[in-house]
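In what follows, chain A forms one complex with chain B and a second complex with chain C.
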Partner chain A sequence: MQVFFQTIIGGVSLGAIYALVALGFSLVYRTMGLVNFAHGNVVTVGAYLASTFYLTAKLPFAVAMVVAIVVTAAIGLVIERVLRPLENRDFDLMLIGTIGFGIVLDALVIMIWGATGRAVPSPVQTAPLSLFGLRIRTYDLVVLAIAAVATVLLVLFLSRTKRGAAMQAVAMDHEAATAVGIHVGRSNAIAFMIGAGLAALAGGLVGPLLYVNPALGGTLGIKGFAAAILGGFGSIPGAIVGGLAIGILDSFTAGHFQGYSELVTFLVFTVIIMIRPTGVFGERTVNRA
Partner chain B sequence: MARSRPLYALAVLALVLAGCSAPGSDKKDSASDTGPIKIALVDAQSGQLSSLGAWELKGAKLAVTEWNAQGGINGRQIQLDVFDDQGDPTTGTNLARKIQSEGYLAMIGTAESAVTIAMAPTLKTAEIPNITSGQSPGLVAVGSEFLFLNGPTSTTYDETLAKYIVDQQGIKSIAMITNNGSYGKGEHDAFTKALAKRSVTPVADQVVTTDQKDFSAALTSIRQKNPKLIFLGAEEVESGLIVKQARDLGITAPFAGGAPQGTPVFLNTAGAKNVEGTIVSSPYLSNDISPASKKFADAYKAAYNEDAELHGAKAYDGTQIMLTALKTSNVATGKALADAIRATKYQGLLGGFAYDNTGVGIFATSIGKIENGKLVAATG
Partner chain C sequence: MRYRIAALAVIAVAAWLLPYGLDSYAIHVVNIILIFSILAVGLGLCMGIGGQVNLAQVAFFGVGAYATAILTTKAGWGFWVSAVLAVAATVVMGLLVGTPALRVQSHYLGIVTLGLALAFTNWVTNAQIAGGAEGISAIPVPTIPGVDLSSEYLYYYLELIIFAVTLAFGLFIVRTALGRRMRAMRDDALAAGSLGAEVPVLRMTAFLLASIYGGIAGVLYAGLIRYVAPESFSIANMFLLLAMVIIGGRQSLVGCVAGAVVLYLVRELLVDYPTAAQIGYGSVVVLVVVFAPTGLAGLPPRIRQALRRRRGGAGEAARLGEFRPYEAVEAAAGDEPILVADAISMHFRGLKALDDVSLSVDPGEIRGIVGPNGSGKTTLFNVISGLYRPTRGRVRFRGRDATGLAPYRLARAGMSRTFQNLRLFGDLTVEENVLVALDRHATWQSWRYVGRPISVLRRDRDLHRRAGEVLDRYGLREFAALPPKSLPYGIQRRVEIARAMAAAPALLLLDEPAAGLNGEEVRQLSEIVRSIRDSGVTVIVIEHNMGLVMSLCERITVLASGKVIAEGLPAEVAQNPAVIEAYLGDSMSSDDLPTLPEVAR
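Showing the complex of A and B:
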């Protein structure tokens, strides 16, 4: 029983990170119908920026995170601006463009920070909490809280602000949105910006849990993408549920199937997707590709 | 039929051309008496294993620079070119063909047993001697007369470790956690065998994948067994993460392992406090062991402004052996060079090298312990 609960705890903390990555994927997809294949690499960039501001510039962790999010969001804006001319012409090219951006970012990271990577010490130094023989890292609680706050803010932005409503409108029908005077390009830019900011949040938060190196975003990107699909691509609650589900699933398969856990995780994932192709919350209202 | 005939003719022509030109041009490139001696260094310069590749490159480059400063071999400079295998076997096999076609005499690397094993058949056919930093017993199983190791195999590492832990310290309650990659698998098998020889059965035997990030399940089952010691068979970063998470879960037993556990990356990933007491089996414990290692460490520090460690030292030794063999054989190639490497007796940083038929040249490691954030020789 102890193993069971401890496994869930371990899965939830990485699951929250997957959820943040999945949110970024989903936000861009629901707005533009585009899968941003550079998203994983943006996570790496965010992780490096956060660790640089934290370790090298010696800023407090929270400040380092905010600066990293702002800078990474700006990078998101640049990606969108470069790809914008393709938006109404050839969608496949745009897709390939994001893959290209991913490769460029990957190379830039290695050029700037080197290939070796760095360890980020945990900003929360308190010992893990002990509860009925279970151990809960305090930093995990911080990660969960921040992920929850970020999700609530995102939902509020999309449902309560004018700009958010405009983005929803573009997501539903971009031609009709244009007709009523909504600037589609700006809407897309905001989606990319927030997506990149979420990637930086995920990357920065995961740094102290893992090891920041150029390969970091690759793993998180794939798991995050799977999470987004599992929850229903484009759905905000779906991204959260999908992220936590992939995290916990991963944790359990690791315990039961050991060396074959990766295989089993994705087999289970495939079976779920075969039974329910639109994911848990998917309605397929967004389909512009 | 009519359409395929010119194609067929072309194919025959290409074959004929390849048949007469490839070996000739190979020879001309490599065995010519002038121009630099071309040696390829293949290692991960990107990806998760890139720290290994970076250390290797630094060690090998240091040896080559020394030789070049002394006038090279037979008046020819040594040219060390770097290829990035990304720690990926498929990329490795492509690179093996590339260094063959570009006329490299010999190869240094890789640091990943799986990549080296993948490259071995191509290099064997091409008769390019290769000194690797891998340590998996699988390298010996390949049975290539062109493949040499610049250090002991996992069998040696783990036999020494088991001897210290079981025979000397009398610890019998041992848990294992290893990954299913080439290195981890080798460690798992070698250590299990060393334990079996002493009729010790591990209390837990957990296997993880190479890019797993959360080890709660494996570590919680280990914690329930309450072992006195945990054997760790995974690369630097993953080992560090395992130790960090183990301490968070309240596991206090010390860890023990091979080369990766003696590196700064392991120490930084896990946190210095968490690795205190880790037992390490390594052929190169520190930079202060001998006058030669002190000299090497000083040169390393001067060149790269960082402290030398095992992998750089191994690559340095391997490159020295390769260059010595090139010198004694009068810049031979192919089989003659491989024989020259086998005949080379070399007193290196890791100890005395004398190669046997399996391509292994050294059969001893020492036991070290991490104390106050530093790896020191274990006492008793």
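Showing the complex of A and C:
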């Protein structure tokens, strides 16, 4: 039992990271129906930027994160602007376009930071807490808190601000949204920007948990995507639940299957998608004839 | 045609002589390019022709290569036996990876296949039998009596022949019935299904083809390099392969090959600057999808078009011909209704789109279904044609229970339909649209492509002849080679009816066939529908144009809020108080008002 709970706790902090990645995917998807395959690479860029400002420029961890978020948000804007001619026209092409951006970002990361990775020391130096005989790292709690705050802010933005409401409108019907004077392109750009910012947040936070290397974002991206689908693509609570579920699944498979954990995770994920393609919170979309 | 054969001969001779001009390193590069070309053709068939996003092609490649390596080194079997088994193993893998395509599409499929590809790399880097991260070396040289395949020059000829055969086979599929059906499914799976294309089988066929090509490429790779390791089958290579297909032009197999050749050569040139090369091809992918979605393969037609435009308007615009009526058939005495809907209810969550709707249509009838917008007419069609499974109730078609049968099964049983918002296959020509409907062969019979290619060709020629007849009858001959999207709306409507009739149905469902047509076109439409009925086909038509409905239909069923509120002869229905209330009472301002004046003529 002890081991069981310890495994869950081990999975939760990474799960929160997956949830942040999934939120980015979901936000872009619900706004423009597009899956941003470059999202994982944006996570890598965010992780490297945050670690560079933290380690090399010696900025405080929080400031380093903010800088990383701003820079990656700008990258998100660029991606959206370049692919804008395809918006609402051909999603398969847009999907491939984002893969193209992913290829470019991947190469840029290697060009700037090299192919080797780096370890980021934890910014929180206190000893792990002990609760009912379970060890909880303080940094894990920090990650959870930040992820929770980010989610709450995102939900508030979407439900309480005019800009957020406009984005919801675009998500429902982009033509009707245009007709009532919403700038669809700008709304999509903001979605992309926030999505990229969330990716950087995830990347920055994961630095002290994992080893920062060029392949980091690929794994996080795919697992985050799996999390988004698992929860129900486009749904915000779904992203959170899916993220935590994948994190915990990951932690169990790592314990039981060692090197094969990735294989098992993806097989389980595939089976779940086959059984319930719309995920836990997903809406069943009716294909209209 | 003669030019083509000459060009082909020149290419063949050049390919045959190529090794004489190359040093040993260059021939190695050429050999790898050929392998990538085969992979790209396989991916093009799956993604470009079948429309199935497949990011596991590199895993198929890996399964082929690893299976060969394991069977030759660990089991000690001969190379060719292992090769056959390896391709078989890849096919099994391909069908497994393709299964999710039955449930999910587009980006979902992308992530699932990508995940499975990662699972494969994860397995080979860990499994003892696959040699872990070091891989497997010392794969024996494949042997052919009298030919020393350890020489890369001779290996080139082996690859060249296999490449030529696989490319020709791919082109053969694309240009004939199977490929046409796959392209139709890519453009619009729903419409393809309601014309009798077995969508699930076709999706699996796409993955089957991709895996065969992947497996063959893998075997050749194992025989050429004689060493396999996980990094050859990484996601980076998957994206490189994807870039080849996109840059080359995914809808053209020759384009895929061109993409593979160009991209690999560029990568080879920049071998000392791999990251620069990666930035380069990544950017080109982005530029291609934005500015030239058809890739390299799309350039020649574009140039030709531009030239023609500069030369000025030669030839005149195609014109719509007269409809030539069907020969009237003496109506078989209707003993039994052709379609019975029995107490159908269809609920979407809380919304009751249909509530206890019953309907019975006799053979040889033209039945009108009218009702205000949102009254459930199209939902009823969707239930009848199998797109929705009703929450309650049964549908009987030609005396058999047809509730919730897949659309393609209903289509094969003799039901055909058109769609409210036109669902023509956008990237097929008008003729091909008709051909898809004409083709009634089951997809599983596609084994003939391997076993009896001549019979496939003969059948295709026959289909073309019959398509010509259909186009002539509907006056569409001059539009045969044009994409439907380039045609005026009224003509597109007519193409859709021609396509639905090409499937030789017993029951034709028309969903608002007069929407967007002008007065003259409506008159022609009513003539066409009458002639269709006279040829022995039962017609059910949903229509808002009351003039047309009143003059055309023998019986009318009126729906309102998902319920049948009246049924009977046109004149009776028009005077029914419930009908008048439904139209005038709650949708006064809508355009559903019966516009009787249009009856004139």
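Some points to look at:
To be clear about the criterion, the second predicted complex is superposed on the first by the 276 of 289 C-alpha atoms of A that agree within 3 Å, B and C clash if a C-alpha of one lies under 4 Å from a C-alpha of the other, contacts with A are read in each partner's own complex, and residues count from 1 in each chain.
Rule of thumb we're sticking to: contacts are C-beta pairs under 8 Å (C-beta built on N, C-alpha and C of every residue); 3 or more make two chains touch, one makes a residue touch a chain.
Being a predicted model, the structure only gives us computed values, none of them experimental.
In the three-chain model built by superposing on chain A, chain B clashes with chain C. Legend: residue contacts after superposition of the two complexes on their common chain; A:130 is shown touching chain B, with no touch to chain C.
By the touch criterion defined above, A:110 reaches both chain B and chain C. In the overlay built on the shared chain, the residue A:262 is in contact with chain B and with chain C.
Of the two partner chains, chain C is the only one that A:85 touches; chain B does not reach it. By the touch criterion defined above, A:252 lies against chain B but remains apart from chain C after alignment on the C-alpha atoms of chain A.
Shared-chain residue A:3: touches chain B; no touch with chain C.
Within the superposed three-chain model, A:226 lies in touch with chain C and out of touch with chain B [touch as defined at top].
Within the three-chain overlay, chain C meets chain B in a clash at only one of the listed stretches 94-102, 112-120, 130-138 or 346-354, and that stretch is 130-138. Comparing the two complexes, residues 110, 258-259, 262 of chain A contact chain B in one case and chain C in the other.
Chain C makes touch with chain A in their complex at residues 51, 53, 99-100, 103-104, 106-108, 110-112, 114-116, 118-119, 122-123, 125-126, 190, 235-236, 239, 242-243, 246, 275-276, 278-279, 281-286, 289-290, 293, 348, 378, 381-382, 387, 419-420, 423, 511. Residues 35, 37, 82-83, 85-86, 90-97, 99-108, 110-111, 218, 222, 225-226, 229, 233, 258-260, 262-263, 266-267, 269-270, 273-274, 277, 286-287, 289 of chain A are the ones touching chain C in the complex.
Across the complex, chain A meets chain B through its residues 2-3, 6-7, 9-11, 13-14, 110, 114-119, 121, 128, 130, 135, 137, 209-211, 213-215, 219, 247, 250-252, 254-256, 258-259, 261-262. For chain B in complex with chain A, the residues that touch the partner chain are 44-48, 50-51, 53-54, 179-180, 206-209, 211-218, 220-221, 224, 237, 240-241, 245, 248-250, 265, 268-269, 271.
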